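Paired with chain B in one complex and with chain C in the other, chain A is shared by the two complexes that follow.
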Partner chain A sequence: MSYVTVSMGSDEVLVPDSKQDSAADTMPAINMKANMIALEGVGKQYGGVQVLHPIDLAVREGEFVTLLGPSGSGKTTILSIIAGAIAPTQGRIILNGRDVSAVPPRERGLGMVFQNYALLPHLSVFDNVAFPLQVRGLAKGEIASRVANALERVGLVGYEKRKPRELSGGQQQRVSIARCIVYSPSVILMDEPLGALDKKLREQLQAEIKRLHRDLGTTVVYVTHDQEEALDLSDRVCLMNGGRIMQVGTPNDLYFEPVSEFVADFLGESNLLEGAVTAVNTVTTRDGMVLGVRSTEGCCVGSPVKVLIRPEKIGMTDAGAPAIATQRHNVTSGKIAQASFAGGTMRVDVLCEKGARLRLKTVSSRASELVGAPVVVSWATSDAMVLKN
Partner chain B sequence: MKLRNDGILWTGPATVLMLLVLFVPLAFVVVTSVWTPAGLSLAAYQRLFGSALFLKTFWSTFEVSISASLVSLLLGYPIAMHLARQTPRMRSIYMVIVLVPFWTSVLVKTYAFLVLFGRNGLINQALSAIFQMNIEVPMLFNRFAVLAGMTNYLIPFVVFPVLASLLAIDRSLYMAAEVSGAKPARIFFRITLPLSVPGVLAGAFSTTVMSLGFFVIPALLGSRKEAMMSNLVDFYTREVLDWNMASAIAVMLLGTVTLAALGSDLFMKRESRSRTPKAVPA
Partner chain C sequence: MTQVPKCTHSQKARGIIIDRLARRYAGLRNAMAFVVYAFTLLPTLIVIPISFGGAGEMSFPPSNWTLELYEQLFSSSAWVSSILQSTKVSCLATLLAILIAVPAAYGLGRFDFPGKRLVLFLVMSPMVVPVVVTSLGLYLYFSRLHLVGTTIGLVLSHVAYVTPFVVITVMAGVNKLDPALELAASIMGAKRLAVLLKVVLPQLRPSIIAGALFAFLMSFDEVVIAWFITSPETTTLPVKMYTSVQWEISPIIAAVSALLTMLSIVFCCLSIFLLPGTAEPSR
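Moving on, here comes the complex of A and B:
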């Protein structure tokens, strides 16, 4: 496996992951920072139900790691275990080099941001943000200056005297973030912090969280079920399903090098063609299309596989203009079965000669002129990924 | 639009019943209090305010009621906290336990206290047995006995409003406070207690107002010093046979309770208004 982009600010490291042995040897050795969080064989059972299968996960200092997955995938369980709200049934939690498995939440030195903000309704914005500092017994002047600084960072100067109820959802979440950064915890845990906000606010706050992380360099563990949020914010994403880790890697890894059908399907749109390996770097689909693929390494001839092609990687030309298609390795003709307009881009479903249905994305044009038109679709072999069954 | 005028149909029967069994006798009491053989007069009220017995009883009624309410609050609050921490299933079981004494007749419970607290009651017998000497702690016919009896009755009326307030507190507040380093004592005084104030006030006011009219418990467990206004009414009705005075005291009691209830209601409303500032649009 090669690693595509490692240019996202902080350096990437793949943790040894029970599901993904091959990842361990690809750690870039440059500028290795210590693990801030290490979960070792951590699992959780509730009355005989394994909600979290034993997992290993490490988060490095300053890293932004997102736990992504559908509801019930165990992502919030992991966060609660790190926070100390839930005791794991098995395994150890190492925080900053210290085993905190038996340490109460208040002594773990974490910060947490909740989906419902969790602000104290009877206290003013100032008092809410000052709370963790008062807990630490800081002097009044010190508290005032730190609170002012935190509120400035989240753009809420002048709101000190307001009560949470007098603020909008976005403002309340900013207060909650300020309450978190005000005491500079070594790790900030965020549990779907944007989940209760509408789209526009979500994007705005997302950008702010990204900026804050860049400015402060704090380690962040972020839980979401929103893939776009995860891909945009994270240094690394840990994709979960059914209480197991499906894949850990940079957003690029997950999108371009998914290790399984679940990962491919969860992130972005995908075309998956079932078939079998028939030769080196060649797969024949069920309906008889012979496809050149990037690599069949590790597969035997005859082994059943799925071929993943991202819709945006498929090019489409009119049936009468074959010139461009020749540079591609995979070319097939078909008919447009459906086209749906999505603003600047358009989703087009092409029914290929051999019967496969491929979805692709193209620059928009008038849908009525497209449906039924004969077209040639093509994609590079390097964009056809083999997923082992 | 057609107005729905069928309200009388639903509330009619109860209204008629209340008129007959509550308002008619009440009107009779009011009339009796101002009716003397010489005609209408406020003489009974004049005599009341000149009576040291009435004034003393009036104040002790408040004293006993307020202290019973405070003791109930002190004992009931931890119970409510414990209930709030349970799973819904366990909570409903515990609630039944809280309610069992509440479902028992006051008279039965009060006689039970006589058996417990008597000079030769169970507690004194047990103490005597333990220390091998004759112990007679005076626990009956005094303030202690009356407070014990009243508190026993009042605790559910504190537990339920406080519990409602505690359950309304978002649990993530506790998590947020704990993660940011707060110890249990600080969480209690900074979060739990202030946020449960509405329940505490509701419990305290309702139990105080309820206590003002207590009769059986002070009559059976107290001495003359614990006599409350309703006991005074009883005294004038059955022993002095001065129904004029008895009615005047009853009217005073009714007035006091009504004012106390209205006052606490007003206070609660103001309190809740100061806690809910007008929402600001996003």
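Moving on, here comes the complex of A and C:
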């Protein structure tokens, strides 16, 4: 909390500095590290269209934050605003405690990795990685050793003399990452860096990015539309849609405690049952199923809600088998409507007796996995989340 | 799995018929193309054998093959000085045009600013106005400034004449540049000048060279403006050729024409050789 001193006659009174606190209030106090980036009411309009509604977002030092969302959700706009490539229509950008809203990109001390690599085609790998050091006027020997170190980190020793076009996409992106880490910027921005690569390379580079972040401890802001990438890499994910932040939180928060149907639907698969609160921690669905849910806190009896159950949290047993139901469990019987086999796991759609259709994921087995087979499905009360409408 | 749209039967059949027709008449097509090229090129190329005829002879085919016309050309001080004058004017005009056109093309191709269309129109306007009109205007204007008959006057006129063409060539190169490269460079801390020198210009090199070759040829060939602006002391090669055709009809003109034609061919080949470089994608 910071204060400004206001003099009133002879007395000096400490008044909270409201400007600075407004950003601090919006972020959860998980740890005490300083904010590396703080966006305060930053928004962007293009010709009267609000592509980014005013948002507040803080990224702590050393944190890996992913901006996740469908295309057109405003995630790249935020990244471009942080980079200084576009100016926000409103709001302030604080980088490392300094208001950089009016500072050009070259003075912000950032690094950026682009989807299409953005390597200089006329320069060799060495010269590309040396570029940021040369513009800083470093000595030749220093440049050579730092470039060698950066290339070693990304596994490209021996490629110094190649031109970018002689490298594969994955190698080019490694050069681009080396070019970024070589001058140790305080923040690295990554704009869908794996978007142009095929699946296998993507997974490989994803692991490398994760390792580099762990080793270097640099603050990273990462943009992607790939939820698995986001969940795997990030300390926190900022899920966006339609130019608004839908939810900010750890991957666990977003997956297990989504605040809205959009978040629940965007991350992973979900079963959503419409209904209304009928008692404390009890929801009755439209078709009359009475479900025990984790918490109905903040809902009045009668208020319409949706109940979220993740497919992998639903258990299934043959109808004849002894039920494993306990008091904590929601149990209903039904028939298998559809089953699709995907190797180790399978996806089963069960039509419940009351008419609801539930999708569940289960370990594959041969037993009675026939469409039409009667089964009993159950899930723990704690796995049924209430989403307010 | 993506579905490949299937050709319908009739589409396939039509394609086969067109292929067959194309194959049957391929000979005819080639012959037509040959006739058209011959019709346009022959009058130009015919001066080359003529230029190897004997002194005082201008006939095709030459009765005996010598280099006498070239000897006469290079021993005549009037012809040599006009060749040197043309070279000087073209080099200076090209240099100035590049210095003006490259920043203009980058600015116009890369950035949006108020009045951009007006600036673009002004830069391009020498292409729209008939050359004779431009020449007359320049003549009247330069006579006030006492620039008529001077090399500087001619260089300035040629700069105005060739700059739009260089701007167009370089702008095509600018449009192919990936703006992310410039953004990347400035995020890495490069100042504007460094971005221009280390990122933009190296990538534009092929289109700048092509533009320069083009500018040089245009200036070297230019006769109308030069006719108005030059004096006997500053006569360029095309003006000298034009006057010699009018007054003396010396067979030396064949040797000069042959040289000019070869210069054009060499320059065109050079720029064709260079242009694939600009077409290459930047990644």
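For the reader, a short list of remarks on this structure follows.
FYI, the second predicted complex is superposed on the first by the 348 of 389 C-alpha atoms of A that agree within 3 Å, B and C clash if a C-alpha of one lies under 4 Å from a C-alpha of the other, contacts with A are read in each partner's own complex, and residues count from 1 in each chain.
As a convention for this text, contacts are C-beta pairs under 8 Å (C-beta built on N, C-alpha and C of every residue); 3 or more make two chains touch, one makes a residue touch a chain.
Note that the structure is a prediction, hence the values are computed from the model and not measured.
After superposition onto chain A, partners chain B and chain C are found to clash with each other. Looking at the shared chain after the overlay, A:Pro121 reaches both chain B and chain C. Judged by the touch definition given at the top, the superposed model places A:Asp215 against neither chain B nor chain C. In the superposed model, A:Leu110 lies in contact with both chain B and chain C.
Of the two partner chains, both chain B and chain C are touched by A:Arg179. Contacts of A:Glu142 after superposition: neither chain B nor chain C is touched.
Legend: residue contacts after superposition of the two complexes on their common chain; A:Ala83 is shown touching both chain B and chain C. In the superposition on chain A, chain A positions 83-85, 104-112, 114, 116, 118-122, 131-132, 135-136, 165, 179, 183, 189 are in contact with chain B in one complex as well as with chain C in the other. Residues 170, 172-173, 175-183, 186, 190-191, 194-195, 275-282 of chain B are the ones that touch chain A when the two sit in their complex. Those residues of chain A lying in contact with chain B across their complex are 83-85, 104-112, 114, 116, 118-122, 131-132, 135-136, 163, 165-170, 176, 179-180, 183, 189.
Touching chain A in their complex are the following residues of chain C: 178, 180-181, 183-191, 194, 198-199, 202-203, 205, 280, 282-283.
Contact residues of chain A toward chain C in the complex are 83-85, 104-112, 114, 116-123, 131-132, 135-136, 164-165, 172, 179, 183, 189.
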